[in-house]
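Some structures to go through are shown next.
Each of the two complexes below includes chain A, the first together with chain B, the second together with chain C.
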Partner chain A sequence: MCNRYQKLSRRLVCITLILLYCFIGIPLWYKLTTVYRAQLPTQYIKSLHENKHQDIHMVIPVYLNFSTYKFPDLDKAVQAQTDSVISNIENGWDVNWSLQLQNVNQNNLNYTTDFYKDKYVVQLILDDFVGCSVPYDGKDTIVFYNEESILSNDLPFFIAQSLMEHTFKLEYNLLRKGAQNGNKNGDSNIAIEYSPQVHISLSVLTGKGYPVSWEIEDILNEYFTPFRKFISPVVNLTVDTEIIYYNDLNLNKLHNSIGNFTHDPIIEDLSAIIDLSELTGKNNYYANEKSVLNLAIVFPEHDLPHSLFKNGSPVTHENDTFAVSSFLVPQWGSLIINEHALPSNPVKLSKAYLKPIIYKFSNEIFQLLGLSDFKESLSTPMLTIDSFKRITTIYSNLDKSVDTLRSLVDMTEELPQMAIPKQVADDVMEALDLRLEIVGFLNNPNDETDELIWDIALRKSNELVDICEHAFFHKDMMQQNFVPQEHKIAVYLPLLGPISVVCFGGLIKSLKEKSLCDGNEADSEETKKEK
Partner chain B sequence: MANVLSMYRTVKRLGIPDSQIILMLSDDVSCNSRNLFPGAVFNNKDHMLDLYGESVEVDYRGYEVTVENFIRLLTDRWDEDHPKSKRLLTNENSNIFIYMTGHGGADFLKFQDAEEIASLDIANAFHQMYEKKRYNEIFFMIDTCQANTMYSKFYSPNILACGSSEFEESSYSHHSDVELGVAVIDRFTYYSLEFLENIKDKTSNLTMKDLFDYLTFDKVHSHTGVRTDLFKRNVSDVLITDFFGNVQEIIPDLSDSDGNNIKHGINDEEDYYIEKTVLDLAIEASGNSSDVLEENKTNTLVLKENDINKYLHNTIKSGHDAANSKGEGPITWWKTLASTTNGVIFTTLCFILYKFVIVTEPKN
Partner chain C sequence: MVFPATKLITLVALCVIVFIDICLASPSSLVGIESQNEIKYPFEEKLTLEPLPNNFLFASFQFLLASNDFLINKKNIDPSKFTHYTVFPKSISPILEQTDTKKLSLRFTHGLWDSKSWGKLPHNGYNSGGSGVEIWGLIEARNNTDAMSKWNQLTNQLSGLFCASIDFIDSSKTTFPSNSDVFLNNLESIPMTDPLENSLFLMRGSLANEPICTENLTPFIKLLPNREKSGIASLLDGHKVFDSFWNSMSLEVDTICSDDGICHYVLEILVETVLNVPQLLSRNKNPIPKPSTSDELRCDRSKNTDEVQCFPLPEKSNYDYHLSDLFGKKVNGNNLLSETYSKVCMVSASAENWKIFIKIGDDYFSTSDNCYNLNVDSPIDFFIETEDSSDVSVREHAPVHVSRSLTGYSQDRGGLRISFWNPSVDKNIDVVYFESLPWFMQPYLSSLSLESDANTINDELGEIIKDTYFLPAIDRKRPSHIEFQLNVPANTTITMSYQFDKPLLKYAEYPPDANHGFEIESAFIAVKGWSSDSHKKGREEIYFLRTPTLLLSLSTPDFSMPYNVIILTSTVMAMIFGMIFNMMTKRFITVQKADEIASKSKIRQLVGKLKNLKRVAS
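Right, the complex of A and B next:
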């Protein structure tokens, strides 16, 4: 017998389940199984990439200091000259930049105050001749002028020329259009890619296993620590030292090489004989440093032929003069090979022996970092380092960051199944904000800060690179971690199949129940009539 | 596994250090209870060379060898604490050689009998590498059934690919070791190695074309394939050592065939002199200047009248006049002067190509 109330409630349950299935279950399932793709500012990044320096107009303040004569409008005259030179440069500039000339007393600050300590100052000195001098230990530009140059109104031009062609030669050469197609980082084949953290590994390799020690601590404290501090605004150097004992360095092979090569057998064979990779491999343990430079001082197991060292540098050690040959290994470091083997009795390598090596290695670090390519400016290392900061900020860091963001955008567009976590979108937004902040520093360097503005710009641009790299290499951006869209139905069919069968089967049965029930009632009435 | 270890030994012999090799091995053979020679792996029935004997540094083994880890390796998407030695730290100057072997089929290669990598997965990973400038050139080599399908989906530039067999074609083993009861090496790999054995040192002039020509149907018993349309260079110009060897450039100090005083390419005495002062300046700046070489203290680049007179009247005036009259300021005089005092030319330019080799062998 059919209960109308039961029938109705059963049907209601079925319809409710179907509605839940269709309007909540399916959208929920679709939502939960869809790869999350956060929104990225795609158009902005693309436009930024197309014109990377669109919002950069670097301004470098320069102060004029004069004592003999007063030139109240000299800054304006020099400004006009430099602006003229900058605006009329052939092919234009890749990065807009300009000098901002001011007289020293304009700020009512005495030249002797700390304000001008790290500033670019042009010292004007009356003399019998016209010339220019740039001290190697400062940022001043000394311009000598005579009265004739004042009468002929040549002085502003002299100053402008001195600044453009000497003090800011690096920018002048590298920021022009076309110059960036060459090597911005100098000879990039020798130099490592710029990194704010570089580890220096100093090693002594002995081929015979005889005991040896070295006064490396004194040398480092006396020479290398000042060097590290000096270069710290550009790169933070960390150092470790070690002595490695070998049974056999195989340097005897060099004996056999003589006569087999037309020239420099030591160079031809050296890379095969000395396993540089062994030292490099060790450096893999320095996980935090992206870049590692090495200095390896090698003592052979037996004395090497003197002919191999015909061009080597004589070195004195404990009343004995012998030769060493040194080699620069691009992007690796410096290799020093000694002519003589170590004696069997314990030897201590003295400061006198190590000092020239450290001097030479310090110079090579400049080359390996990409600084000493600008040799015309190395007469003034302070200026070079400052310019290097600006060039690195723009070309190595800002440009690289924009490239990374563009790669991220392109990649996510080309791989529509790739997830874009929210963290990535946050990183991108943070990077873009930070970029604008850095550009602000470059464009308006007059903000009063205790720190040199270029140092801040470089430091923040290093952070920018890290943020962009973090966004690009986010570990959840793995396409393989997620089920491809086209396979979704197939993957979930074992779950969805039984649920669908039960739901729709139940609904159909419920709908059929009405007719079945009606039929049963009619049958029972006919039976009653027959009775 | 012998395929991979043989290739690993060959590239090491040609100078690629372990630090630049990522080796992924199922690593279930040497200590397998069915191995009659525990701890040893051979690629020839004569058992002359134990491939597993010494100096094998396996970076990923056993259950670490997964599709996900392989893709992470290529795209460098790891946790921050992932060791550097297990990461592919390449850049836009790096040449990468990738060798894969195992059981495969049309557009897939099995990993650990549990999962498989599709050709499109590798293609997409390569594209991500390309987007981030993580390689200069890739040489992709694969030895599996229907191997050529595995590189058919590649679409990123500068990839050279080579496979052992065509679509719907099997790859075959070279010979069986009766003692071990298994085939020890595959034909494609065997003859590749046979060719590479001809390279005795890193100065070899053999090219990729020579290698491809060597892998004939008579030897391999399947149709090897080469894909060059994504590769810029002609394969006949690509040296084997561009991918299989490592030639480390070394620049000598203070040596020159002409006897000039060259310091790493700096042949100007003044520059050498100037460079020496950098450390001195650092010491001075730190306040410890007692030991600074006295002669360097005078190093100030001063250009005075005697030096510039000959330029002054000719170039300054003309430049100045031009600047005043036309608004143009040709800067020539300092430049001219600089060019006479600085003959800084790098005579030895060397292009470093870091070779990274990924050798993977999913479980057979």
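Right, the complex of A and C next:
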């Protein structure tokens, strides 16, 4: 005979234990044996990645300075014209930007000081004709106007056109939608990624062991020093030179053992045979410079066939008997291959030999650094450098940082067993805060600072790239992946298995007991009736 | 990094002028490649051969290189300054500059130098390390933490450059030797970038018994401008260099500066090896060792000799062989880059018994001093001939012999015993004993005891140790650092011993083969004022030697233990839970009721039917 109270209490015990097992035991076990995964702002990073420039509206302040006549409303009129030009662009903008026109306040005490020295100022000069000039030594835009242009009210439009097509030509061309995609098909396959520190390694290689000297110091001082100084606001170049003996980058492999060519080599053979690994490896010890560009001048151990140089880009003078060809190696540098081996005695490479090579390399560096767009605008270097800073800040650094963060988020989602240390989450938060700060500099560049605002933005964006990479390459993220989830299950199966069997077996038995008791009670009622 | 506008204008103008200059430059009638009479670079190389007793040959390859000049203060990078490399290896300078290393010593040593038979170590032991890898660095830094950070960067980069596990030398294996004036000479003359803010830190680390093989020689060869293509370096073959009883490869870089801050690096590379000549010659003859035939056996005919019995004669003493027999290659001509000709010399007290001939083509030439300047650009070999190979120069004896051994068998305690023997009959010597013990050897200085074999000085043992420096270990962060200054009396053996504890390590801290034991690095001994020659100064005044490494066995756990514990505990917990669960949910009924329920069981009924069927059938 079933005791209803006992039956209920047994069932209650079973259910309680099952509930404890399911809702406290398993989550607790799971929690205690699960790797730590810090919370990342996944959605925010994804939305940033989908629209990288959503919160950027770059504002560039421009000041109008007039001397002969006073135009109190000219800034508003020019503002309307520039806004109109910007808003009417075909396809729209990839990065929103605008000019902020203001008249120079000549009553301001700061006017005579350096306040406007680093600012964009439009100097309005009354003349007989209408024209525009952008000097190479400053950031001023000189607009010449005559009285007819004032009467016909063309002056605002003319100033706006001058600013867009001359002063901010690079922004006007490169910030449009699709402009960067077009660029990617060209330079970006050849250019290295932007880095504030780039090392340039110049080498002479000879397949023989006779001593070589070169007048490289003089040549570099002539051609490289001005270039280094010019580019130093955005890229700090360090340069070293080296002479390497008994190494012609494997060109001697074109010969067979008796000194003849194995076959008539063609230019495609070069890319298959040339071994740049040793040259590249020598630069691995420049820890501060992430990017390295090379110029290698190679003298083979044996003379090379002239046919090899048919498609090369010649770099020597017409009168030279030597054929010297230049080959641009994407993201590596320039390779200069000489047709003839050096004579078997000590030789000196004079300026006459090195001049065309270094000059050609100086031009190729723009391409290798990804500055081809800027090379055309070198007649106005001050404006170009500023534009480069803004565009690099946005396209090279901010975009790259968001890409890195997105990759981090994707990786953590793809690998659910991977640990995410707190340091990574802190780095991510720091990176996002820094990004907002940089965007603040771009959107509101009127803050009074000693340093030029674009320099601050570029410097901080370089820091941003480093922080993002530090977050992505955290060593603790990978090591937990070597312990698979199955391992955990296998180790704890002696605990989980028996407890699961006991709990669920007990529950089934308890439920089964109900029917059994019901049957017993029915039997006893039938017995009573028979009696 | 913003460039002032006015300067930029000037520079851009200069740039434009330069570009115009290039465009207007008239084409040169010459190609610009001019032959020169002589171009020589600061590079020297020398091979020294020295016969040792018992038919051993000591070969020392020495290379000296110097870098171009540079300015010590590079903080303000001048755009008009460029770094030039001619013969000095490009891979070394950036590492030294980034880590502010003013002096670097890296030694790869393997084998046993038999000082009792061969005399003192080459170069007074300065360039030889303990067995394994040893690195010394003099680093300019603000404080210890900064120095350690730069040291870590240095070891990591050298690890990649030399294909060795130097990056394993972290803070737990690094010491700051206190007697730096003993280990380094002219410490005051070493230049500093920022003498007001920074100090110089002498740091040392070592990997005991680190295997050294051919892949470690290749990076050394790559540092040479002529590689192994010409000069004496063409003899260097890893298979031969390491097929030796003792070998050492060392690299020393010094920063030398003038008063006006113009500096250059001086690099000394030494590859040294002790070869057993008969063994190498017989290996050339029979690359696969096999027993000698009866006619090749050298039996003592004065004794009973037959087909099964042979009393061997002592090894023969007259040898003649080519250097190419030992190194497998000939010297591939002169090194064309050196300031001086490549030099090959044989050092031997008995020039009469030992002759070395240079072989060019099929012709042999000799000199009176057994020294040769290589000035031909064709393969060169050397022929060595001796009538009595035991007639070798008498090397100076080592001023002290030191042996170190582990004592005790316990799993949790042990001891170290170090013996110093001064073989001199009349000269006491001052010794600096340096020892760096891993953090898991925890010594007790209180247990330090001294013994001597000379009964007469037992009362003065307290005077033996002149000075003690002890820095205890910090678990997993810093090794124990012990330095003693001892005075060892003449013709006396002093034995020093102390006890240490062996703690248990964490699970992951045991090496893959924990039962093999833990390698303990060599102790390092510097002997001051050992030479009676008063002309010897600086480095020559001090003799350095290392003890062999030790193998310490720690109590090793069963590595499957954590899993076993989890599994066993889980099983017990599951059993206890099952019993409790059973007790809490069990239904208590009478035996009759149980039988009744059991009889209603369908299985019971089925079994009963089967039994009935069986009974009917029977």
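Please note the rule applied: the second predicted complex is superposed on the first by the 290 of 531 C-alpha atoms of A that agree within 3 Å, B and C clash if a C-alpha of one lies under 4 Å from a C-alpha of the other, contacts with A are read in each partner's own complex, and residues count from 1 in each chain.
Throughout what follows, a residue touches a chain if its C-beta (ideal position, glycine included) is under 8 Å from a C-beta of that chain, and two chains touch if they have at least 3 such contacts.
These numbers were taken from a predicted model, which means no experiment stands behind them.
Applying the stated contact rule after C-alpha superposition, one finds that A:510 touches chain C and leaves chain B untouched. Contact with chain C, but none with chain B, is seen for A:245 once the two complexes are overlaid on the shared chain.
Contacts of A:435 after superposition on the shared chain: neither chain B nor chain C is touched. Contact with chain C, but none with chain B, is seen for A:455 once the two complexes are overlaid on the shared chain.
Within the superposed three-chain model, A:160 lies in touch with chain B and out of touch with chain C [touch as defined at top]. In the superposition on chain A, A:367 makes contact with chain B only, while chain C stays out of contact range. With both structures placed on the common chain, the touch criterion links A:136 to chain B and to chain C. Look at A:390: by the touch rule set out above, it reaches neither chain B nor chain C. When the two complexes are overlaid on their common chain A, residue A:53 makes contact with neither chain B nor chain C. Annotation: chain A residues 136-137, 222-223, 225-227, 229-230, 284-287, 359, 381-382 touch chain B in one complex and chain C in the other. Those residues of chain A that touch chain C in the shared complex are 1, 6-7, 10, 13-14, 17, 117-118, 136-138, 196, 209-213, 216-217, 220-230, 232-233, 236-243, 245-246, 282, 284-288, 316-322, 342-343, 345-355, 359, 381-382, 451-452, 455, 459, 491-499, 502-503, 506, 509-510, 513, 516, 520. Considering their complex, residues 15, 17-20, 67-68, 71-72, 75-79, 81, 83-85, 91, 121, 124, 127-128, 131-133, 201-202, 246-257, 264, 266, 268, 271, 274-279, 281-286, 288, 291, 299-305, 307-308, 312, 316, 319-320, 323, 327-329, 331, 333-335, 338, 342, 344, 346, 349-352 of chain B touch chain A. Against chain B, the residues of chain A that register as touching in their complex are 81, 84-85, 88, 128-137, 144, 154, 157-158, 160-162, 164-166, 169, 172, 187, 189-190, 193, 222-223, 225-227, 229-231, 263-264, 266-267, 270-272, 275-278, 280-281, 284-287, 311-313, 325-332, 335, 358-360, 362-364, 366-367, 372, 375-376, 378-382, 403-404, 407-408, 410-411, 414-415, 472-475, 477-481. Contacts from chain C toward chain A in the complex involve residues 1-3, 5, 7-9, 11-12, 14-15, 18, 21-22, 25, 27-41, 77, 79-80, 82-86, 90-91, 94-95, 98, 153, 157, 160-161, 225-227, 229-230, 335-337, 563, 566-567, 569-571, 573-575, 577-578, 581-582, 584-587, 593, 597.
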